[in-house]
Every structure is written in C-alpha cells, then in structure tokens.
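Across the two complexes that follow, chain A remains constant while its partner is chain B and subsequently chain C.
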Partner chain A sequence: MTLVSKGIASRPTTERRPGGTYGRVARRKAVLGAALMAPAVLLVGGIFIVPIVMSIWMSVSKWPLLGPHHLIGLDNYLRLFNDASVWRSFAFTAIFALIVTPLVLVLGLVLALIVQKGRPGIGVIRTAIFAPVVVGNAAASYIWLALTDPGAGLVGRLLTDLHLTGAPPNWLLSMASATTLVVLAVLWKTIGFSMIVLMNGLNGIPNDIVEAAMMDGASRARTLWSVKLPLMMDSIAFVATFTFIGALLTFDQFYIITGGGPDSTTVSAVYAIYNTAFTQLNLGYASAISIVFMILILVLTVFQLRLFQSRSS
Partner chain B sequence: MNLRRRTIFSALAAAGALTLGLSPPTAYASEPIALWARAETGSFLTPLVEAYNKSHERQISLTLVPDAQVTQKYSAAAATGSGPDIAIIEIGRLPQFLASGWLQDITSDLAGLPYKDALSPAHVSQGELDGKHYALPLSADVSVLYWNKALFKAAGLAPDTGPKTWDEIRSTAAAITKTGNGNFGYFFSGGCGGCMAFTMLPYPWAQGAEVMVGEKANFAGNKALGDSLQLYRDIVKDGSTPNTAQTENGANQFGPFFSGKIGMFVNGTYPYVELKKSHPDIDFGIELVPSKDGSGAASFAGGDDIAITKRIDKATGMEVLKWFTSEGQQLLAQSGVLPIRSDIAQADYVSLDPRNQVFVDALKYGHIPKSPEVNAIFFDNSSPFAGLVQAGIFGTGPIDAALNAAQSAADKITGK
Partner chain C sequence: MPALSFPARSWRQRPARTLDATVVYVMGAIAATLFAAPLATVLMNSFKTPAEASVTPPTYFPHSWSVANYSALTTSSANVAHSVGNSAIIAFGAVVLTVVVSLLAGYGLSRLRFRGSAVLFTIILAAAMVPFQVIVTPVFIVLQSVGLASSRLGLILVITTFQLPFSIFVMRNAFEAIPNEIWEAAEMDGAGPARSLLAMLPLLAPGLLTAGLFAFFSAWNDFFGALILLNDQAQFTLPVVLTSLINGARGSVNWGLLQSGVVVSIAPCIVIFLVLQRQYVSGLMSGAVK
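For the complex of A and B:
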C-alpha cells in the first residue's frame, strides 16, 4: 500500500516536469540508440544509398571514363530504349536465368535427398559436391575453358575416345552450345550450395509429420510433394531467389568462357554494362543501363517472392 | 577539459587539412619514382628497371598492373591526378589519355633528341595530339607472317621461301592441308578482336588502305578490307583452317603453330622468342605480310610508349625517358628483344639472328588504328570489328553488307 501510494505520488511530479529525470533518461536513451544505429546507417548509406544516388546522377550525365562530365537529362535513357543490343543482352540474361534456376533447384533437391541420410562415406560425397562452391568464379571458368578446349581439353578427348563424337566438339561455335557450356559450369559451381540449403530444409521437417503421412499410406513421392516440399518452402524460396539473382548478374563465366561470342550472342546484361563502361569508356550510359537493369531485377524478385509466399500460405 | 579536448581536436583537424590540402601534388625528390606498366611487359621491364636502379641514385619503383585492370586503374589515376610518376601505356590505349591533361607535353624535348628520327614512327604518332607530343616509344611488338618449313617441304613447296602474294598464301595453305595427319595450312584467332586486328589488318594496310579516317572507322566500301576478308573466307572455305579458328578467343593463339601442325600464321615477336627457346624442333621462317600482288607489305605496330605524368618534375622524368630510350633499348636489343630505335636495332639486334631484320623492317611498315575508341571499335571481342570478322569470314552473306553493318555499329560508338 505504501509502495502504491509512493508510485501514485511520484507520477504527477514527472508529468509536470518533462525536462526532469525521466526526460533526461529518455533523451540519453535516444542518443544512445542513435549512436548504436549510426554504424549500421553509415554502412548502409555508404555501401548502398550513396552508390545508387551516384549512379542515378551519372545516368543523367554525359560521363566519360576520362574527361569532364555534364548533365544531359534523360538522353542516356532514351538511347537505351532504342538500343537493340542492350535489350538483346537483357533477354539473353533472362533466358539464361530461367534455364539455370529450375535446374539448380531440381538437381539440388535430388542431391539433398540422396545425401540427407547419414550413410558410410556420405560425408565425402557431400564435400565433393560442395567443394566447387569455394572455388572463385574466374578460376572455375578457366578450369571449364581448359577442360572443354577442342584442341587440348580432356572433355573432347573423352567424348571421342568413347566414340560419342567423331571429333572434339567446339562448344563455342554456336550460341546454344556456348550457353550450354556456361550453364554446366554454373551448375557445377553452385549446385553444392543449393544442396546444403535444401538439405537443411529437409532436416528441419519434424519426423512425426512425415511418419504420419507414411502411416496414412502416402507414397514417398506423395510425401515429398504434399508434405516435405510445402514445409521447406522457405529454403526453396531462398535457393530460387539467390540463384535467380545470381544468374541475372552472371558476368565472369561469359567474359572468360565465351567472351560474349559467337558474334556477341552470349553477352549478358552485366557484361554489356562492363563493355559500355570500360570498353566504350561511357560511364553515364553504363549507369543508365545499370539503373534500368536494377529496377527489372527488383520487380522480378518481388514477383518471385510473392509467388513463393502465396504457395507457402 | 572540454577546452583542452577542443584544442586537441582543432590541432588534429588543422594538421589533417594541411596534409590533405597543402601537400605538394608532385613526388618528393627523395621518394622512389613510381613507374606503372601493364603486367604483360614484366618479363623485359623488370630487368630493365633493375639495371636502371643499379646506375641511378634515385630508384624506380615498378608496379605491374594486371592487364584486365589497366583501363580502370590508369583512368582513375588520370582522372584524379594520382598514380604513377612515369606511365608506360600500351600504344593502342594511349590516345584516350592524351586529352586528359594527365601527361606532360614533351614536344620540345623530343625534338631535341639526337635519335628522334630512329624512333618507331607508329609509336611516336600514337603519342601525338594536335601537334603536341606526350610520350616516347618504349617497346615494340610487330606482326609478321610465320611459316613452318617442315610442312612446306612435306607439301612439296620450297621451304626457305614464304608466299609472296595472297593467291600464294591461299594455294600454299590448301597444299599443306592436303598432307593430312591433322595438318592445316593457316590459323588465326577469329574469336578475338584484338588478335584479328593485329594479324589481319596488315593485309588491307599492305594494299594502302586505312581502317580509321580521322575520328571515324573506315569499313563501309573499304575494298582492301573486303578483299582481305574474302581471302580469309576462301581459306576457311577450302578447309585450310581448323574449326577452332572461328572461336579461338586469344587464350590459345600460339598453341596450334607451336604444335607443328599449322603451316602459316601471322603474329608478333612473342612466338618468335618462344619458338626459339621452347620449340627448337620447329624450323620456321618469317616475312612481312604481303599485299595482294606482292608489291607492298605492312605490319601492325603494337607495344608501349612511356610518358611523364604531372606528378613529377619534367627534368627528372625526361632523365628516365632518355635512359629507357637509349641505354635501356641497347639492353633490350642485346637480350634479343626488338628495340624501338632502328639504329640500335641494326647495330645490336639484327646481328643476333638474320631473321631479326624482318621485325626491324616491320617497324618501318608499322600501322595502328589511332582513336580514343580503338578498344571499343577493334580490340574488344564484342566490338564492331570482331563482329565484322565473324560475319565477313564465317558468314555466308555478302561481305559488303558485313562492312556496312560494322560501319553503322562503329559510328554509334564514335558518335556517342
């Protein structure tokens, strides 16, 4: 009773004195909060906001790699909308991402199902599949370029020795085979990562739910389709989004393996941006392409996440 | 306490401002001279810098910039005035730096050099803008026609004489291919814009044509260039090249000739040194790339120029440049590297091997397309010229249409 009456007695006092003890505490908390947030705000601002604002500024400027720059309004954007080579690179990149993403998901899931259960030697298999993930993109691309070289590559030799082809195939001779080669290189490089993430998703499903489905007579395929996949939708969404964005941003593989050829048919969007900035030395136009491409990726990613959200619910 | 803190802060701020704002932009006399070059030059430049440092008190600190980063790093340095005191720049890229104000005008110093007339004319021209010179030649790589004498003999041809006309090149390539055993008459890197500029452009140049006129590419209606593409198309049609020629992107441009299975290819000084060192079993000859009827010849003059940036005083910079173009060239010649001075080449380089004379002559006939946009128009693998090579040599449509398409693509770049 005494405590209550003390509390009641003290409350009106602080309300009447907003600048008193409580006000000072609140202000200190606010300052402390701002101070604790400052590094994150500076980091986000420095790494994301400033470069984007800078890119927007450059995209409305005539900005050569060397020499003075000046504002030109929307000229770069108008040029972009009439530039068939840029849209060709966007379309090619989208097709590439639409091929790679389902392949990574399906093959990653198959591998995850194979290596999920602990069996003798399974650790070695998991490690072998995951190992390419830690190889750098450039190194991996050069490995694939050397392996598939029609003159000295092991792949060509193997195919001819097995009498599957009459001569070592020249993968870079057509757009389709050059793209296939890059798809294989990307699968080799990324499949281990999706396998690990999807395996975690599978391991996170409670056993009793799976057992209940089996006891109700559901086949393995039915259990996978109707029970496991819906319950691991977060992992699937993560792999799909991560792979899709990664595929849209592919550069190294095309730069090193195909060089954009044959006849510039395998120039990805980022490759086109790189060429515009560092071959044509036109940073302003490259920034305009980057901004439009960034917006397209944002729209596609939001659409993709919405799709997974609706499936999940 | 607050006052003391404020005083310390003010002192630190003042010191920072002084450091940032008032420090001289030029290098201090006691500091080493910062020299930048592309990594590809490291093999001959490193010993050259070591020799310079042995004979000079003020040392040179050499930074080799990875080839893929040269444009970005040099451009950043040029834009901000930072970077090296002396820059060694690949001559194809040099024109894009001339108007930036990064390099010092050395026109009068060049005019005063007693050996100015012996310097490679293509290299000197690349360092010139509006009558002012900003760079001196440093290293050269010129393209010549190689032939494999053993394969010539196997095909019943005179092994010591290379083909003198385009018709001879085509018929020789076909004859060598007929010997079988995986042999082909001719090889080129069709998937590499820079390689094709280096190895194919000597053909139209030997005809007296130009591929750049002023600021513009000269593709549409260029008969000599069209004829050169036709020669290559015919060679491909005859089956005288391996099918890798269409896609070879520069990574393996020497390998086929080094394997001893290729009769002819056009290339520079690197395979010459490498063949003698690592493939002594391959007996080869070299000659200038001939014109259609053999009455003329030409070469692509590549390599590097050396220039002084505004970070260092010109007297010190010129001392370095003079050493690299005199004692430095003698050291290069004596070690079997083609010098950029004809007088030193005749005295110290030709005597090492009579074939060296071909490279010295090639320097005289050396051309290079001069434009700040040369990389985008010619050298990049997705350039208009690279597209022209694919359509003109491997396509089935009219070559004139390919030339027109390349002209239109190049005009978009030069007109940006």
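For the complex of A and C:
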C-alpha cells in the first residue's frame, strides 16, 4: 500500500485526489531530497563529468597551458601512435603491474594463512603488517628512498655488514634495480591490504567443507588449491583487480624514488601524462594519452575479471 | 558418529596444532618485523642529530638522541612547518565537506527519494571507475576557469569529489540500516526532516566516522593532486614540500630533516589507525564488497 501511494504521489496530478495532502507532502519531500543531493551532484558534475567531456575536447585540440587553444582533429592521436616514448611508458607500466600483482596476491595469501586464526598475540602481528597501508604513497616513497640511499641508508649498511654486497648498492643506477626498489616500496605498502581481504575470504569459507575435504584425505596444499581458493575467488579477484589498477596508476613512487630515471626508463604512464601536461605544457596531447591509457586500463581490467570468472566456474 | 570421530581427530592433530602454532608465530614475527622495520627506522633516524642522520656509513641506532631535526622543521628554508598547516587545513576541509555532502546526499537517496535519484546514485558510483589521475588535466582547466586554480579550496573540492562515491555509498547504507519504524516514530512526534535527521545522528555516527576517516587519509596523504593543482609555494602541502628536500641536490640531502618531516606526515595516520582500527578495516571491507 505505501509503495503504491508513494509511486502515485510522485506525479504532480495527485493533488486533486482524496489523498492530496499526502501527495503534497511527498512532493515536498522529493524537492527536499533533490535539494539535499544538489551539493553532491554539483561536485560530481563539475569536477568529474565536465572534465571527462572536456578531456575528449582537449584531446582533439592544440591546447597549451598558456595562450589560445584550437581544434586540430586527430593529430594528437596520430602523434601518439607513433610516439615510441609513450608506448615505452605504457609497456613499462604494464610490466610493472604484472610483476607487482602476483607478488601482492601470493605474499598476501601466505600472510593471510599465517594470521588467519585468532591466536593470542596475532592481532599485534596483523597490525604491524597492515600499518604501512595507512601511510601515504609519498611518505612511503621517502622512507624507501632514505632506507636505500647508498650513503646514509641502512639497507646498504645492512647488506655490506652481512657481506651480501661489497659496498652499499646504488639502486638508482640501472632500470632493473630502480624498478626493483619501487616494487619493494609498493609491496611494503599494499601487501597488508591484500592480507586482510584474503583473510576475510578465508574466514568466509564454511568450516564443514574444509573438514570434509580433510576427512577425504586431501592434503593441506590440495585443500587450499582445490577447495579454499575456488571458494574465495571473489576476494582474490578483488585484490587482483584493485592491485593491478593501483599499480597501473603508480606515480608518487616513481616521481619521488626514481625521478623516472635512469635515462627516463622508469617513467610510468601517469608520469608520462604528468610530464606532457605540466613539463612540456601540452595539455591537448596529455589528454589524448590519458584517454588511450584509460581505454587500455578498462580492457585489461575486463580481461582480468574474465580470467577470474572462468577460474571460479 | 561425531563423538567417535572427535577424539580420533584430536589425537591425530594435536601435535600438528602445536607445530602449527610455532610456525605461525615464528613466520608471523618475521613478517611483522620486516613490515614494521622501515617505520621504526625512520622514527629512530629522525631522533638522531642532523650530522648523525646523514653520516656514511649510517648508524643502526642513534648514538645521541636529539630533537634538532624537529626544531629544524620550523626554521628550515623549505618551510616544512608551514606546509604541515596547509596539509591540516586541506584535510580538515575535505573531511568536513565530505561528511556533510555525503550525509545530505545519503539522506536524500534513502529517505527523500525523487524521480532520477537512483540514476544520480549510479552516476556518482560510476565516478569511482575513472581514476583522478587520468582526468587531472581537464580538472586543472576547470579549476582555472572558475578562479580556483592553485587554491587550497580547489584542492579540497577535488579531493572531496573523488571521495564522494565511497562516502555516499557508506552513508546511504547507514540510512538504510535504520528501521522504518524509527523514522515513523520521529514523524509522529511532529519532527520535520531536519529534526528527524538530527535525532538520527547518533545512529548514523559509525557511517559518518567511516566517511570522515577515509576522507582524512586521502586528503592528508594526497600527493598527486597537490603537486599539480597547487603552484604557490605558500600553499604547498607537507608531502609536496618534502620533495624540495630531495630534488635538485641528491648528493646533499638533509636526511634528518626529511625523516622528521616523514614522521610528522605518517604519525597522524598511524595513531588514527591504531585508535580506529576496527572502523577502518570494516570500512575497507564495505568498499571491497561493493
């Protein structure tokens, strides 16, 4: 009854009906509801919808940071398809994400298995592993920069004291070691999140299913692989997608730790967009790169979700 | 049958369980140490004397403890202390705005529905799909065109906007969790929409706390937005100002100053997390379920 009257009341003709007063109240409520939504709509419209439309317009324009802009058709896109440096940064970003994501998943799962049961004192271990998650990306980058500095960094001192290296290594001299350093910094900051989500997934598996598998003589590894993992596919897919997109969007760590070096070999996609827009001051071209990058993210994400769907069914 | 199998299982598994526990504690302790060590290191380094903090090879533990790096925050040319104020203003603004806007929107979405409100909700949620990083260039132009370029208010609005999909989702759920009878009781007492909302605030507190908590973390920790949208050195936030300590002079970084700045940057996050751990993790999970 209330459902029906609400539906009718939202139409303006209800005032003449016997329930007219109710209709007027309902309409006043609807107007008030719209008014209450207005700030959110204004913000999302102005700072999200408008920029999305604008980025398409900007991508087909010559749009310097200062001075007039004008339409140039698909020139920015044509330039993009022949711009080796942009594709190099896309490829680098994809490889980086493909390194980070499995590591975050596997290490997060191992830790989730360790801290899963609420033994006494486990809470402290969970908290310690999770704490870096709440540290900002920039702060985490400074921490790792300070830790691994060949002069004042404690990692170099530790490695030499353990005779693992003759002298403190300079991580930023090669692309491989610079990337390794960023991977470590990102793992440190994100594994705790993966651990908590996967722990939640593990705890959501009904106990009797696991016990039934054990009774049937399945080993622990077998139970994990064939029973637990398929039953927590939602958590795994969430961590994988979240981590993968996060890794594709990495900027702070590269900007602060490697500065894109050595020789611009560690310029991530967002870093390339940043450089194009705010160093080269070519906002139109930066928008074209952004749009192509966004489409690549969407394609990769859909592909990844498909992958997990087929694994769980 | 269960009575029979129970002793049999516990006999078979008890030794394995104690072994399990040992393995869990050893591996857990190693992992916890690895994850906590960088935080402990930066904290200890920040209390070294400025000279000791930059010495090669570094000392593992401070030989002499000093707060000189912290007093340098206010005296250094980089003006780190001023930037802490900017970060605080931006975080405060973003938290207040996010909480208020999502409280109102959640109220409208769940109690005062109107035609199109469901569509608006979907559009707002969709905003979570497009990351800020890929539309930063037009956002910059939009802010410029409305006179909010390089202003703290502009950055607050941007951070709030990208926080809204999550916070409105949380607030809508908080409203939906209040039983209809309670609203009706308020209406029977003659309370209008405003008074009903005020009366419900205690019930909405957990949702408001979650919305505010995540707004704080995203605003206080924001680097990319502040780097691009703020161009006036007087408005730089803490994470941005710290880059000026490493850029330009990689050979002669003031490591003590940098690390005391980093501690100031992470301390509120760690403290808030430790106090509101449960709230934070459950908020994270509600985002994960979405």
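Everything below uses one rule, namely that the second predicted complex is superposed on the first by the 264 of 313 C-alpha atoms of A that agree within 3 Å, B and C clash if a C-alpha of one lies under 4 Å from a C-alpha of the other, contacts with A are read in each partner's own complex, and residues count from 1 in each chain.
As a working rule, a contact is a pair of C-beta atoms (placed from the backbone, for glycine too) under 8 Å apart; a residue touches a chain by one contact, two chains touch by 3 or more.
This structure is a prediction, so every number in the text was calculated from the model and none was measured.
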Partner chain in contact with A:270 - chain B first, chain C second, else both or neither: second
Which superposed partner A:55 touches (first chain B, second chain C, both, neither): second
Which superposed partner A:260 touches (first chain B, second chain C, both, neither): first
Touched partner set for A:34, first chain B, second chain C, both or neither: second
In the superposition, chain B vs chain C on chain A residues touched: C
Which superposed partner A:281 touches (first chain B, second chain C, both, neither): first
Touching partner for A:145 - first (chain B), second (chain C), both, neither: both
Touched partner set for A:221, first chain B, second chain C, both or neither: neither
Touched partner set for A:162, first chain B, second chain C, both or neither: neither
Which superposed partner A:127 touches (first chain B, second chain C, both, neither): second
Chain B/chain C common contact set on chain A: 145, 149, 151-152, 259, 278
Complex interface listing, chain B residues touching chain A: 71-72, 75, 78-79, 96-97, 99-100, 191-192, 242-244, 246-247, 249, 251-252, 255-256, 259, 372-373, 375-376, 380-383, 386-387, 390-391, 413, 416
Touching residues (chain side chain A, partner chain C) in the complex: 10, 29-37, 39-41, 43-44, 46-52, 54-55, 58, 111, 114-115, 117, 119, 121-122, 124-125, 127-132, 134-139, 142-147, 149, 151-154, 156-157, 160, 168, 188, 191-193, 196-197, 200, 235, 238, 242, 245, 249, 251-252, 255-256, 259, 270, 273-274, 277-278, 283, 286-287, 290-291, 293-294, 297
Contacting residues of chain A [partner chain B, same complex]: 65-67, 145, 149-152, 170, 172-173, 259-264, 267, 271, 275, 278-282, 285
Residue numbers on chain C that touch chain A, as the complex places them: 21, 24-25, 27-29, 31-33, 35-36, 38-39, 41-42, 45, 53-58, 60, 100-102, 104-105, 107-109, 111-115, 117, 120, 123-124, 127, 130-131, 133-142, 146, 157-158, 160-162, 164, 168, 193, 217, 220-224, 227-228, 239-240, 242-243, 246-247, 253, 255, 258-259, 261-262, 265-266, 269-270, 272-274, 277, 280-281, 284-285, 288
